[in-house]
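Sharing a structure with you now.
Chain IDs A, B, C and D follow the sequence of writing; residue 1 opens each chain.
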Amino acid sequence: MIDFGFSVSPSSRINLDSVDRESFAALAKLEPDVLKCMACGSCSASCTASQFEPTSVRRAILSLQNGQVEQALDLLKGCMMCGKCTMVCPRGINTRHLIISIQKIYGK
Amino acid sequence: MISILISAVQPVTPEGIIDRYPNSYNHFVLPFVIGISFILVYLLIGLIRVLYHLTGEDRIKLLKSLFIPKTALKNLKDLFCDCLLHTKIWKRKPLLGYMHSAIALGWFLLIIVGHLEVYIFAPRHLEGITEGSLYYPIFYRFFIWINPAHETLRGTVFFFIMDLLLLYVLSGIGLAMFKRVRSIALGMRHTTKPSLADRVALYCLWAIFPLRLLAESFTADLSGGSFLTKPMNWMFKAFFGNELNFMPTWWAYSICLGLFFLAMPFSRYMHILTEPLLILMRNAGLKVRKPRKGFAEAEIYACSSCGLCIDACPMNSQKKNLKYSSVYFIRFLRRHNNRRINEIADKCLMCGKCAAICPVGVNSPEIRRVQRETLNNSINYDYSYLDSIAQTAKPENAEASAEGKVLYFAGCMSHLTPKIIKSVESLMKASGTEWEFLDKDKGICCGRPQMLAGKTQAARKAIQANKALIEASGCKTLLLSCPICLKVFKEEYGLKGIEILHYTQFIDRLAKEGKITLEKGTEAIVYHDPCELGRGCGIYNEPRNVLSAVGDLKKAPKERDESVCCGYSLGSMTLDEKDRAKIAEHSVDNLMAANPDCIVTACPMCYRAIRSKSPVPVKDFAEAVVENIKPSKTKK
Amino acid sequence: MIYEGKKKIWADYQKEIPEDHYFYVRSCIRQSFFPASEATFLDITRNKLGKDIFETKHHTTCGGIAYHSDAIPQETSMTIIARQFALMKKYGYENYVCSCITSFGLYCETLETWREYPELQQKIADNLWKSCRLEFAKPKFLVHASDLIFKYRMQIAAKSKFKLVNQKTGEPLRVVEHIGCHYSKMFPSKGVGGAEYPYVLVGMIEAWGGQIIDYPERRHCCGFGFRQYLIKGNRGYSVSNTHKKFESMEPYKPDMIITNCPGCPYFLDRWQYVIAETQGKTYGENGHGIPVFTYEEVAGLVMGYDPWDLGLQTHQVSVEPLLDKMGIPYDPAKKYLGRNGKDLGQPGKPHCLK
Amino acid sequence: MKNNILVIGGGPAGLEASANLKRLGYNVILIEKDKQLGGHLAKWDRLFPDGVSARQTLNALLEEVSGVNCFTETQLQSINVLDKSYNAILSNGITVLADAVLLASGFDLFKAEKKEEYGYGIYEGVITNADLEEAFREKKLPSKQPQAIGFVHCVGSRDEKAGNPACSKVCCATAVKQACEVKEVYPDADVYCFYMDLRMFGRHYEDLYLKAQKEFGIRFIRGRVSEVAETADGRLQVKAEDTLSSKPLRVSLDMLVLMAGMRPSESGKTVGRQLNLTTEEDGFFSSADNLLEIQRSKLPGFFYAGACTGAKTLPDTLHEARSAAIEIDRYIKEKFSEK
């Protein structure tokens, strides 16, 4: 192998063909509310932890739908479970249970 | 107490009392002996199991508590009131209380007095197993022949007492039978479905005392009797003629007793024997550490499956949620049904009402929390962002003037209800209180929501960070507007030298100290007890003191420790929005029964929940107070 | 794939290409890297087909590379272009054919800009007069050299000695066509067949017996992207683009790639070597790469030119397997001999790419 | 004598207006260029938001026009403005002297093949909303279970390059409705909707959206499809940006449904040219006033109803048809009462 000082960089493209559908289906069974998100962002805006650490239920759901599991877990690891997102969610998503369910299904 | 009694009545050797059977044995005692032996061995093993699963620390704590006079006295009182008298049930449902005390106290006294009788009249039979000490006092009336010519006054008194006690028990049994048929008449809407063992034990229990009555009546002319047994004896004689008919009834009596004891460990009636242990452990200050072992096991077996918690549970405003009640949770724990255990553990609102009304005092929400812990505590989290905060917070940097200041911590939820924060701010101004606002810009969660989710480890991290900030502030009073925070601050923070106050307490104190003067309005107010404030921290009176000075305080049908959760508690992990809304409606219905002009509550969560369903204005506690502060003349 | 649907679109994007009399301008890159391609173009059109293609040594670069690399302002490049057009006029031509896609795109852009902003055109005309004393002119027809080969594709087919067919199996060769981005993406109507399904190379392949491959990333850039390559720090981006294209065409097992742009054959060819050396991956058969050709080279092969006269020895990816497939005879010994028969010396062999 | 009213266009607007004008006592002449009445409604299967049958809805409209002079397969040959009325020569040779004319020429669906990058007419699996409705209606959906199906919103709408900067109003709800219907047929398929904004403005539309998410698990991706290509195994490779995560996205589908938007109808344009009717930038006819006189044109006695003045939902179209009837009645009474 020759070092040219540059090389092929990994693609950042989302490939929906390779998303782990089984895990997501298991998640939707455990907490069906995951399907209800309409990406309004209220959760991230009110989040207690997001003042310190990038934390967003909205983006975590999206990441899982896009097959970016690591990113989803990263977006939830700082969650303090305070429940503000549950209170502000206009679709009434049970975000606390959703977060725990995501961590249980996808976490190591 | 019993020993005093015994010493007062010295044993005698009465002449007219003769064992009808020289070796004091008859085959019919066998079922009973088998049953009682089984239950005693089972109890012993169970006790060892429970003690074994306790941590070493807890075991020592338990042992010590037995010798601390204050705890020992409390133990005695609780044992008598809870196990025998059933005062808790009396308070809520007198008829049900009478039923329980009739059976429990009546039976207990029958045993004690029976033994006393044997001790006085046939002391030899208490001397050892070989003398029949296991069964003799129970079947005393069978083995003895009393010469009517020698009947003493003392004997007659005992006959009378024993018949009276039997009648007492029978009245309880009668009520129990009636309850089975018409439970609603005794004030219970829902009751549990008994299992097979429950049924066996139940029917045996029902049969034991009528059979005892029959058996003792058959032998009443030989062994003596009183107003109950004697007339029955005459009647039987008149009908049956042959006095040897009494054998089948004694057999039946013994079999029922034996069966009852055999079925007991597998039935709800195990609570009779477990409750005393639970009382001792609880009074020793033990806590649930594992959901199925040690203290929790004692709680599980102490559950009487009475089902009082079914009606109490706020989730049951919808029929479909009946299955999530504590009684079923405990039942599944006993049966090791893990799927259902987790489902129920996660669903619960943790409002604590079931524990508050439980006659046995089983704190099932705590078991549920620990059950959640077993699954959720190991979930990854990363609060490393809190480290720098905790490190920079240094007590030595605090201003000296801070000591006299009040430190206000609004908490996450209060930040969603700015009205509460605004009201607290106005209150501070009006009362001239010097204060600091800890989480004005960036707040850290108090840790209670993590605890409720079973993420105890994570909670500790948040607690640590907040604790460092509070200690670094130098303030000696911590003021909270959120009861969720209050509970965890009180129980888990260990803030030494810092007084933790909920704003209901603080305002009550300000009013009492004259720092604010309240103006009594004409509004009819009903106060909603937030779960975490009332049942969680025992604060019922302070808010009521203040509110009655502010308006016309009405009573809701269910209030104080029976208050109905608003439904939005962070305790529940899996209740969905629709179910929560239904509970909120139910909670509001209860409050609206008082026909108030406005509802006041003292929790940001309840405030939001009730406001969404209430037909009348809903006010936060501080808001209601601030609206009614008389402007001070001395200040601008 | 519904072929009729494509035909419909092609029918919408017909481009008028005059038969004869062109003023020809070369490409900076091509005359450096593929000089034989332009030579072949002139040989085919002038000598084989007898067309009037005029070329003057006075023409210069169009300034495109400098323009797209932000090195010169637009007005400068426009004045350069105006000079080229003026030369065309001076030599009595009104049809302009350029060898370079970058130039073609820039000419189109410039002509459109002049049409939209006549005052700018006037200014450029003044600049031209001031600087060169040349009379401002615009071509009547502007075509790219590939348009012209497209136009002559049937005439070439009629004179062909070989077809784009696997001699052994009789199957048509599987050909990937790659169109330079600036050919029709900016002005779809200026390209044969439009921007989505350009027909210019497809027409040649079909006429010469090959089978076209429609792979998902066919629209993707070759990876050159001017400053993406010109600045070394960006080259990873450039090669990643190419990598994506090859990954996408791989399942179709293409036999060859045909291009109509100066940069594309260079990058599609050379980056195969870089990908092989950094990723250990090759895309052709048996560890070979996929050979990449200009349209003139393909026309030359079809017409029976000697492969080494077409300059195929300068390719990174070896062309021999394809020549074998098509049944084109070649003398391996002459591969690295110059036109005068002198040994040019042999390049080093890559580690990975055969 | 009854006044003659000429209604051009036999779609929902024309039918509803004719029925109401007839009821008001006018002699209505309805012309329709197609073989059958009903316009696009006749080609649809079910209607959002409740999924009622288009056929039944159309039948209800048709019942009301019995007694109206309907000429199908008839177009307007020429039309002249006379002093007080219009002289129209129809393609069937009949001449109508109309006291008022109502133009209900509706819309044409955007020609999806114009969005070349989507490959309509080139890739097998790419169809339009109308094709899907036809497949539902004729029960001709492919029997082979597709693994994944996509819906592209705003095809030929909100797209200046496609010549229509405006929103076509009905596509979002239609796409969500069709996504649910498709999922009902193929429960195991993954269904994606590529949208830019979800414009679920009407009553029950949002419920439809929630149902699509919660009950049908339809994935909504915020981003316009940029290009479609065919993969080696004959599937469709679709590229878009997931704008909510700012990342390019790729997915392989078996069926891609293009939600073709509304363009002014060609037949309407022909009428417009004859009378020099003004149009707005979007190509639809301009009303006398966009708030108060939507049904009126700048020509006295010439009225509009329905989608000829811009994209409309079916209920909107029917409302306009009724208002147009009232407007025409008012016009006739004012103009001809002094007679």
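Simple rule for what comes next: contacts are C-beta pairs under 8 Å (C-beta built on N, C-alpha and C of every residue); 3 or more make two chains touch, one makes a residue touch a chain.
Values in this document were obtained by computation on a predicted structure and should not be read as measured data.
K.L.:
With contacts counted as defined, which of the two, C-D or A-D, has more C-beta pairs across the interface?
P.N.:
Result of the comparison of C-D and A-D: A-D.
K.L.:
Nearest whole angstrom, what separates the Cα centre of chain B from the Cα centre of chain D?
P.N.:
For chain B versus chain D, the centre distance works out to 68 Å.
K.L.:
Hey, how far is the Cα centre of chain C from the one of chain D, in Å?
P.N.:
46
K.L.:
Starting from the mean Cα coordinates of chain A and chain D, work out the distance between those two points in Å.
P.N.:
Result: the chain centres lie 39 Å from each other.
K.L.:
Using Cα averages as centroids, what's the distance between chain B and chain C in whole Å?
P.N.:
87
K.L.:
Every touching chain pair, please?
P.N.:
A-B, A-C, A-D, C-D
K.L.:
List the residues on chain A that touch chain D in their complex, please.
P.N.:
12-17, 21, 28, 32, 35-39, 59, 62-63, 65-66, 68, 91
K.L.:
Within their complex, state which residues of chain D touch chain A.
P.N.:
Touch residues, chain D against chain A: 190, 192, 198, 209-210, 213-214, 217, 219-220, 222, 242, 244-245, 247-252.
K.L.:
Along chain C, where are the residues that touch chain A in the complex?
P.N.:
Touch list, chain C to chain A: 232-233, 235-237, 239-240, 243-244, 274-275, 277-280, 351.
K.L.:
Name, in rising order, each residue of chain A that touches chain C in their complex.
P.N.:
Against chain C, the touching part of chain A is residues 1-2, 4-9, 11.
K.L.:
Would you tell me which residues of chain A are touching chain B in their complex?
P.N.:
31, 33, 46, 48-49, 51-53, 73, 77-84, 86-88, 92-94, 96-97, 100, 103-104, 107-108
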